[in-house]
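The same chain A turns up in both complexes below, where it pairs with chain B and then with chain C.
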Partner chain A sequence: MKKQQLYKGSLNTIIMKLLEQHGKMYGYEITQKVKEITQGEMNITEGALYPALHKMEADGFLDVEMDRVDGRIRKYYKLTESGVKETVSRMEELENFVRNMQNIVNPNLKLGY
Partner chain B sequence: MKLSIEQIQQIEEKLYVDYDFYYDDAKHEVIDHIASEIEEGMGNDSFETSFDKVFENWHDRLREVEWSGMHLYGKIKMPLFYKDQLLSTFRNDLIIWGVISLLAPVLIYLFKDSMEIETINNVVFIYKIVVFAIALILNQYVLKKYTEGNYTTVYGQIAAFSNKKALAAMSLMAFSMIFMQQNSIKYRENLDGWIGMLVFFNAFYFMFIIKYCNYFRHLKMVNNIKKWKNA
Partner chain C sequence: MEKRLTNQQIDQLFTFTKKHYVEHYDVQVELVDHLANAIENQLKENPNVLFEEALQTEFKKFGIFGFTGLVEQKQVELHKHYNKMIVNELLKFISIPKVVVTIILYLALFFLLKRTGKLGEIISLAILLLSFIYFMVDGFRFVSKIKKQQKIQGRSWLIQSVAQSVFSLPFIYLTGFGFSLISNFFREDRTSELSVLGLNVFIVFILIHVLTLYIFSAIIKPRFLQSIKETEKRFQFA
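On to the complex of A and B.
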């Protein structure tokens, strides 16, 4: 539970990074990808995922594409131009945060970025 | 294992019948997510078992909760699914409401010494009529347009909720707050308390105006839905 709270603040950045890597993704795919990468440590609930996606879409960071797949309509998200720029800036912020946390938690260990 | 058209229709039906989940902005996404989870579960279970398990997990997020938001009459029912989204827009609305409710009173307070009492009375009277008229027009416009429209969204539901009752309250309030208050300020020393009344007036009417403005969020969503459909 505490781990989930730590991840929560970075949810948008995580989604944007995944979209940067994979081009376009749909909701369920994002939850599964995160679970796979973090080996089940991070579990994005639909209650957190969709409001985050809708907010980023409204902010103009994400674009939407609808496709009919396996007999149902699937909504894909992809980064817009401003979304790509925002991802770079958020990743820098996140890397700085991780570096600072690392320096506090384990000052002797140097991370290479 | 992929679901058949009938099995997908079964998911859709369950969402409509058991949860009233008709929201056009999210239903395709929710159906696809649930269908994907059921398909994953069908690696070990039958469709029926997987269907029940997935809906059991989704039940809490789909069940309706009461949302009071920014309106006076009762509480509108919303799926818990929308809670975070609504909280975020509600916070923005609350800030706008606070600022807009204080704007005119603060301006009058700042310029009170350079204005005649009669001018203040006239300006505020016209201002109140304009605010009342905007609230009234939006009330009727939103109700008419939303009921005539083909799309259901969470913001449309909020904008159109309880508009007939609100109309009665706004009209009643107009008599005591506008027409009975015409030329009510006689002495400059009573002005501060009188400005306080204007804050109350603004808070009351702008609460409705901001609620009706959710209709424009609804329209934005409808435009997006149409864009997706045409793509």
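On to the complex of A and C.
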């Protein structure tokens, strides 16, 4: 369970990236998608997902849309214009982070690009 | 064949969220859909699992505070958003181009108060006091209008609760602050006019008061009304 800690700081970026790729998604779908991509390695808890989504909605990065699916009302999230811009800058940050971590963890490995 | 929850079970989920202190319909809807999906998924993996058990398993995933932490956090985020908006709008009055308005108002007040002396002070204090009352009554009317709306519709939206708290907290603060300032002015039996420093402090106070009043009624209130309308529109088909 400890490894979840490492993902924590990147939760918003992960959500934004998923929304960028898939257009609109609902909360449960996001948790399942992350599980699927990481083959169960990463598990976004409900207690973390919704606060993150609501914060980004309040910050104007996400827009919401309601839809009726199977007789139920579903709340979809999608990126706003400023959300798209934010995703780009956060992805850059994340990539830098990954690169730096790689250099620290494995300093002898020269990446071939 | 995937097993879907029945309408009755969905209703049960709505009751469940209400029982766990989620009073706003928009939040209830999102949580109900989430729980329903998660329970259906459990049923897919293990068709023998009981609905109640599955629900408890999913509820535990929301952590020890259950839904309340989630609702509060959402309110806090939105409140912060509106507070930021108020501060940003105020800051606009000390940056170009709106600073021109501020300077003109400042100079006008300065010369007016300087010229009229004690009488001007008293008149402006009276105007401040009246606007305080107007401020309060207007805020009260706004909040009760929202309450009435909720009663008619039989539902409440989270944004409405944020509007209510944004419109009641600063009023309490501002009026408290304002009254203490005004009573300070009257406490000492002043016969002389305000000193230059006192005059400037007084003008700054008037300006902040007037600008905040303007921002609340001309910017924040319409923004809230629009957000509430948008939320209603989103749910119209439901």
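What to note about this one:
Keep in mind that, in the parts below, the second predicted complex is superposed on the first by the 109 of 113 C-alpha atoms of A that agree within 3 Å, B and C clash if a C-alpha of one lies under 4 Å from a C-alpha of the other, contacts with A are read in each partner's own complex, and residues count from 1 in each chain.
Please note the rule applied: a contact is a pair of C-beta atoms (placed from the backbone, for glycine too) under 8 Å apart; a residue touches a chain by one contact, two chains touch by 3 or more.
This structure is a prediction, so every number in the text was calculated from the model and none was measured.
Once the two complexes are overlaid through chain A, chain B and chain C clash, as defined at the top of the document.
By the touch criterion defined above, A:47 reaches both chain B and chain C.
By the touch criterion stated above, A:71 is placed in contact with chain B and with chain C alike.
With the complexes overlaid on chain A C-alpha atoms, the stretch of chain B that clashes with chain C is 206-214, out of 98-106, 170-178, 188-196 or 206-214. Contacts of chain A with chain B, set against its contacts with chain C after fitting on chain A, overlap at residues 26-28, 45-47, 50-51, 54-55, 58, 64-66, 70-75.
Interface residues of chain C, counted against chain A in their complex, comprise 4, 7, 10, 26, 29-30, 32-34, 36-38, 41, 58, 61-63, 65, 69-70, 73-74, 77-78, 80-81, 234-235, 237-238.
Touching chain C in their complex are the following residues of chain A: 26-29, 32, 45-47, 50-51, 54-55, 58-59, 64-66, 68, 70-75. Across the interface of their complex, chain A is touched by residues 2-5, 8, 25-26, 28-33, 35-37, 58, 61, 80-85, 88, 220, 224, 227-229, 231 of chain B.
Per the touch definition, chain A reaches chain B in the complex via residues 26-28, 45-48, 50-51, 54-55, 57-58, 64-66, 69-75.
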